[in-house]
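Chain lettering (A, B, C, D, E and F) follows the sequence in which the chains are written, and residue indices restart at 1 in each chain.
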Amino acid sequence: MNIPISIYEAVIKRAFEEDFCFADITTDNLIPENQISNAVFMAKQDGVLCGIEIALHTLKMLDPDIVIEVLKKDGDKLEQSDIVARVQGKTRALLKGERTALNLLQHMSGVATATNAAVCEIAGTDAFITDTRKTLPGLRALEKYAVTVGGGRNHRFSLSDAVMIKDNHIDAVGSITAAVENVRCRVGHTVKIEVEVRTLDEAREAVSAKADIIMLDNMKIPEMKKAVEVIGGAAIVEASGGIKAGILKEVAQTGVNVISIGAITHSVKALDISMKIF
Amino acid sequence: MNIPISIYEAVIKRAFEEDFCFADITTDNLIPENQISNAVFMAKQDGVLCGIEIALHTLKMLDPDIVIEVLKKDGDKLEQSDIVARVQGKTRALLKGERTALNLLQHMSGVATATNAAVCEIAGTDAFITDTRKTLPGLRALEKYAVTVGGGRNHRFSLSDAVMIKDNHIDAVGSITAAVENVRCRVGHTVKIEVEVRTLDEAREAVSAKADIIMLDNMKIPEMKKAVEVIGGAAIVEASGGIKAGILKEVAQTGVNVISIGAITHSVKALDISMKIF
Amino acid sequence: MNIPISIYEAVIKRAFEEDFCFADITTDNLIPENQISNAVFMAKQDGVLCGIEIALHTLKMLDPDIVIEVLKKDGDKLEQSDIVARVQGKTRALLKGERTALNLLQHMSGVATATNAAVCEIAGTDAFITDTRKTLPGLRALEKYAVTVGGGRNHRFSLSDAVMIKDNHIDAVGSITAAVENVRCRVGHTVKIEVEVRTLDEAREAVSAKADIIMLDNMKIPEMKKAVEVIGGAAIVEASGGIKAGILKEVAQTGVNVISIGAITHSVKALDISMKIF
Amino acid sequence: MNIPISIYEAVIKRAFEEDFCFADITTDNLIPENQISNAVFMAKQDGVLCGIEIALHTLKMLDPDIVIEVLKKDGDKLEQSDIVARVQGKTRALLKGERTALNLLQHMSGVATATNAAVCEIAGTDAFITDTRKTLPGLRALEKYAVTVGGGRNHRFSLSDAVMIKDNHIDAVGSITAAVENVRCRVGHTVKIEVEVRTLDEAREAVSAKADIIMLDNMKIPEMKKAVEVIGGAAIVEASGGIKAGILKEVAQTGVNVISIGAITHSVKALDISMKIF
Amino acid sequence: MNIPISIYEAVIKRAFEEDFCFADITTDNLIPENQISNAVFMAKQDGVLCGIEIALHTLKMLDPDIVIEVLKKDGDKLEQSDIVARVQGKTRALLKGERTALNLLQHMSGVATATNAAVCEIAGTDAFITDTRKTLPGLRALEKYAVTVGGGRNHRFSLSDAVMIKDNHIDAVGSITAAVENVRCRVGHTVKIEVEVRTLDEAREAVSAKADIIMLDNMKIPEMKKAVEVIGGAAIVEASGGIKAGILKEVAQTGVNVISIGAITHSVKALDISMKIF
Amino acid sequence: MNIPISIYEAVIKRAFEEDFCFADITTDNLIPENQISNAVFMAKQDGVLCGIEIALHTLKMLDPDIVIEVLKKDGDKLEQSDIVARVQGKTRALLKGERTALNLLQHMSGVATATNAAVCEIAGTDAFITDTRKTLPGLRALEKYAVTVGGGRNHRFSLSDAVMIKDNHIDAVGSITAAVENVRCRVGHTVKIEVEVRTLDEAREAVSAKADIIMLDNMKIPEMKKAVEVIGGAAIVEASGGIKAGILKEVAQTGVNVISIGAITHSVKALDISMKIF
């Protein structure tokens, strides 16, 4: 995990506020305060594990003396019935933390698994998969991390770390050329400039404006191929816009360098991992 | 929208912190500060709208003088190409707020749409659909609201508003009967007691312990039918545990009163709604 | 204590912000940084202890190496001069944390003591005492917990965990019957419906509408008795509205099931517990 | 109101988080979204009004278009049945905000009323009443304000705005004289030094050490009188320690300048003010 | 101002919490609640204005009805006695907000002015000035904005928006080449890779590893010149490390593209701007 | 350090949010997760150390198992090349925390050093140096602490802990005398009253109004001398208003008791302290 504790603890605290509110009226009234239980996290389906440190930290925040044995780490491929971790701690803490821990673990593993499926689909090509800014509010850092765990790479994290020139920006200044030039003399030297194009002519203009990256927005496969030729290595080429599982390899084989996919963060199926307390 | 502004503004602010961080280096450098644009929110696929007030409020937080025309409201069925709302405001605000507004709108509409599909599947039966606590951290209030917009109902919001007795609780006290009795004399009079059962015998014991609700956990259809008979109207019957689209009607026809589904919040496909600025 | 640390630490931090602001200009300038002292928490009057874990955690937040010996626990009856806990830690931490620790401990013990007095007053009857939503802003979770420590039970925690139909709601829909029916088909199955009534006729209507709970609002004793008869066990009966110490038993003997009292949270006398440092 | 909006809005938001959590399941399901109602705030008992601006702002946060007519202002003496304010706004907002508004208004008015009773009790003497740091966590700014509204004055707000030398500080340095001297050459020139004394000898030493304020801790009336003589106007004299209503005048007549009372903030009866919606 | 209100309001609220805490005991006690005053912001020395919108928003948060006339905008060169803005509003609000408004305005203008001095010093060369991550905690967004207002550009905002390979990273992997290659195949395509070098050999290796940017760390002028030659346009060249006013032009004339200076944010003199209320 | 951990952790967390945002894309990709390194904090110039505990805590928040050896403490005079502290911990934590730790340490040491220079300049006189409220937003507690570490004292922390009557207040009430009298009968007994004067006549009036402190605002040296005579020990005398290094001794020799200087907090040069990781 490369996210500092103080950052992800904030996410967990928010989840606690939603889920405890006032009390766990079942557990507080039925489970003795000092009863100890064991629990295992177990995969109920195949996938890529992500978030196990956060999930375990969730439990630790409720029982600082919890004993933890970690068997799988982020990035590991899980098969159904794999044991991911074993813990021993206060039954109350386990029962109260279970849902929050699993909600985080299943979502992050879901992102990693979806990403990995896309990565596998284009295996053997030179392209790589990235995410987008289409993330769930409050969870971007966790989701972007999960994408890397699944073998993808991160597109820009936010509006402040790369320039992305879209049609509205172009309209405001008059041309792709003007937009790239205007922005280049204002942003810092660590910033790359990406231009979104819809036609081969726009691609040509972006190349001559010396864009670092050219994004082919919603192009068909044959058009993509031509765009890659037109650009001829003068810029990194990104394919984007509703590219779905099943056609990823075909897209990759057009010669684009990057395929960015919103669905690996905005339309994720939770990976089924259970926490069995006994 | 029944969620007070001060509550959902906190979600939006968190999203802004993730997405602006320091600046929108593209827009701030290319778009004149006082330029005005129009924008439309348009459905790109069929579904149930949810979150339009929040999405528009997102833009208003960036441009308090924005002019808004709302054409569809939460709960409306959208068809592809339907215009949802029109706005006129500072181009900078529209470009900066677009992603946050859409991330919220698409996710909430995704939840409402998924819920509605389940609701439609059991139309004609007496059962209803509810959510679970399997929500994405930080978004529970919005997701629970979206479930109601989609025609579903809310299961308990948190650990403090209903008793849910699971096997761990039963083991700690010795029996379903003991668990229900212990908890009944401790919780307030506004609280219902739900017991999770796995066999007909457990269902019988829950009935005689006067549980308000009995949850049939991961039962097969024929077993559910028998459980409904055994319970005989003495408690509300909830079917739960990996119940998927396609078999909902069959489940509903067993006579259960409630079907709770985690997937309508934890595994949601964003509904494709665009925001076109021009 | 059933409230997770991360939740009550937030209350303590807020108190620290109010009380330290910038420095403890007396202690920082007079007490050597590493001086160690002992301290005892001692009851100065009889009552029910509540909040000792939070009070001690307050000190621990200022001196993580503090040594703590706990002699009394939440719910214990205190007599004047009882020692509640002994601590040994940095003198500076003890002096800085004293006021915050005591403010929390005295208030929570005050709530528990007031609740317990009410509980004792109705001993021998079948009724029980509950709190209301008349709590001090920012302290509801702690106060609701203290009520249970004092032997009372919790009424609904918030507007989201039970339906409470008041005259304004009835007026909006036309009748008690309409109100109950409308709300029943919208809220989840874990939610009970309470109706506030002022007359016997309203009580009758609430019964026939199948309200789960009927609240007798500001009724006189003889009227309460009649209402209990009218309801005849068909719903839980709650007496509410300015019911004061001294008449609680009489109210309980009318046969109501629940007496809810705002004063046990909104008008509480701090229980006098001192912290002597030496 | 002298507290800036951004400060007290934080208190209100915290109260909203406790009270709404997810939804107002009664009001959201029964009251039409755009229904408008009138409401009046009315005194149900005599007392001093405090917090009306905050209470009304609470409603405004839920309905920005609310129309407000203020009839009484903070500090006004209320008689039973006095109308304090009238509002017209969305019924939903009124119903949702009612409890939070009243919880704040009743507590602040309770503090002002309790303070005022103490102030009246010593009318005709030269002493004045102050509060202490025995305030409810999270509410100090509001309670300290309410004390001034009730005619009292504020003792130090926090550990950083005045020196208060207690026995622990004296023990650490050896003597009152040493303590006062040590602290005087370290704190800023805007800070007064108060010394807590238990005997006449300590009072004498505090005078010769040039303490600005001398607090007579838990002294009997005759001893107080002697202490006042001993001090002879060389320092401000504060009486403190469990001084209760009924003996305040006697205490004031000993010649002390200040009587500080914890009970006006830590043991306050809510002032009964209702909000009637119709 | 390109920073959204909700982001900079958080900074202002934090300042209010520090400066009001409980009350403005001077103003609240002496100035009538509804008294209106005028005020002007006036430059007391020459410099570059920055932060006027934030300063004025500070006052508006205390008096929403304040009337504002803005005469100078961010980036304008100020001469002593220039009027920057005129406001008319509640005297209390002006007095309470003055210090916070000025603390922000003077610091931000100080950053812009220091930056501008550096920018002017290298006028006529092709180099530009950037900031660093040496910013004051909690103020980075405001300081980075002020740098652009002063004519500088922003270096990376945070650890997440550009790769900066230092000796520790190189040591961990074995060589500059290995470090650049390892990181290139992991970070996204929008990220540039900068390598810090201390010798010409390292510069050569960075070039052949295809670093996007090469930072010459603490090099002497003649060495810088040689490094620029060695690099020969194959990468952007950044000079860094204690480069002070007075030698900036000489540094720029070595042919480096970028000079990054920590002092324009970490060692800033407040620009003297007053707020006169009358 | 007299500031409680929970208070300064909030500052550090804010800095982390600015500096990590999402990831340290260099370190996370190049440094093995469990690699351990040593680091030293070393003075690169002479000055007064301040903030070492906070700087080290910053690293501990990223690696709770870090081993720390502290060689210098707050207030120690540093000479160039002095080792301040040695640490051993995870390389990743050291690299990620370095900038935040140094930004805090260098700024706080800068404040302490600037203060100390002023203190030394007036050595041998009876005057002392204080800060003002001209602090950087969000950092007041740390800066005020650093002033004391440098040998200065704190002026009032906020608007709530001392009265400061300025011309606007005087104008509102009519005269210095009226202002002092009005405020004296409203503020608490722990509060001193300071009056800002510009002429000898005003100083005379402030004396006869029994102000506790008289601030000579922007007076010339000879006028200050006369003011000190006029006041004749009847009040503490503070010199204020653009008093710069170089004339401090002359000012002190006029007989004023206090010299308050904004520049020691608002215009501070970071003290150059490095953190070398190896």
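Keep this in mind: contacts are C-beta pairs under 8 Å (C-beta built on N, C-alpha and C of every residue); 3 or more make two chains touch, one makes a residue touch a chain.
Remember, it's a predicted structure, so these values are computed and weren't measured experimentally.
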Greatest separation from chain C - chain, by CA centre: E
Interface sides of chain A and chain E: same vs different residues, half threshold: same
Whole-Å gap between the CA centroids of chain C and chain D: 22
Intercentroid distance (Cα basis), chain F paired with chain A, Å: 43
Separation of chain C from chain E, taking each centre as the mean of its C-alpha atoms, in whole Å: 50
Numbers and ranges of chain D residues touching at least 2 other chains: 12, 17, 20-25, 27, 96, 140-141, 154, 157-158, 160-162, 186-187, 191
In the complex, chain B residues that touch chain D: 2-7, 140-141, 144-145, 154, 157-158
In the complex with chain E, residue positions of chain A that touch it: 128, 130, 148, 153-157, 160-162, 186-192, 194, 213, 236, 238, 257-258
Contacting residues of chain D [partner chain C, same complex]: 11-12, 14-15, 18-27, 29-32, 35, 37, 91, 95-96, 99-100, 102-104, 106-107, 110, 133-141, 157-166, 168-169, 172-173, 179, 182-183, 186-187, 191, 262-263, 266-270, 277-278
Contact set on chain D toward chain B in their complex: 9, 12-13, 16-17, 20-25, 27-28, 61-62, 92, 96
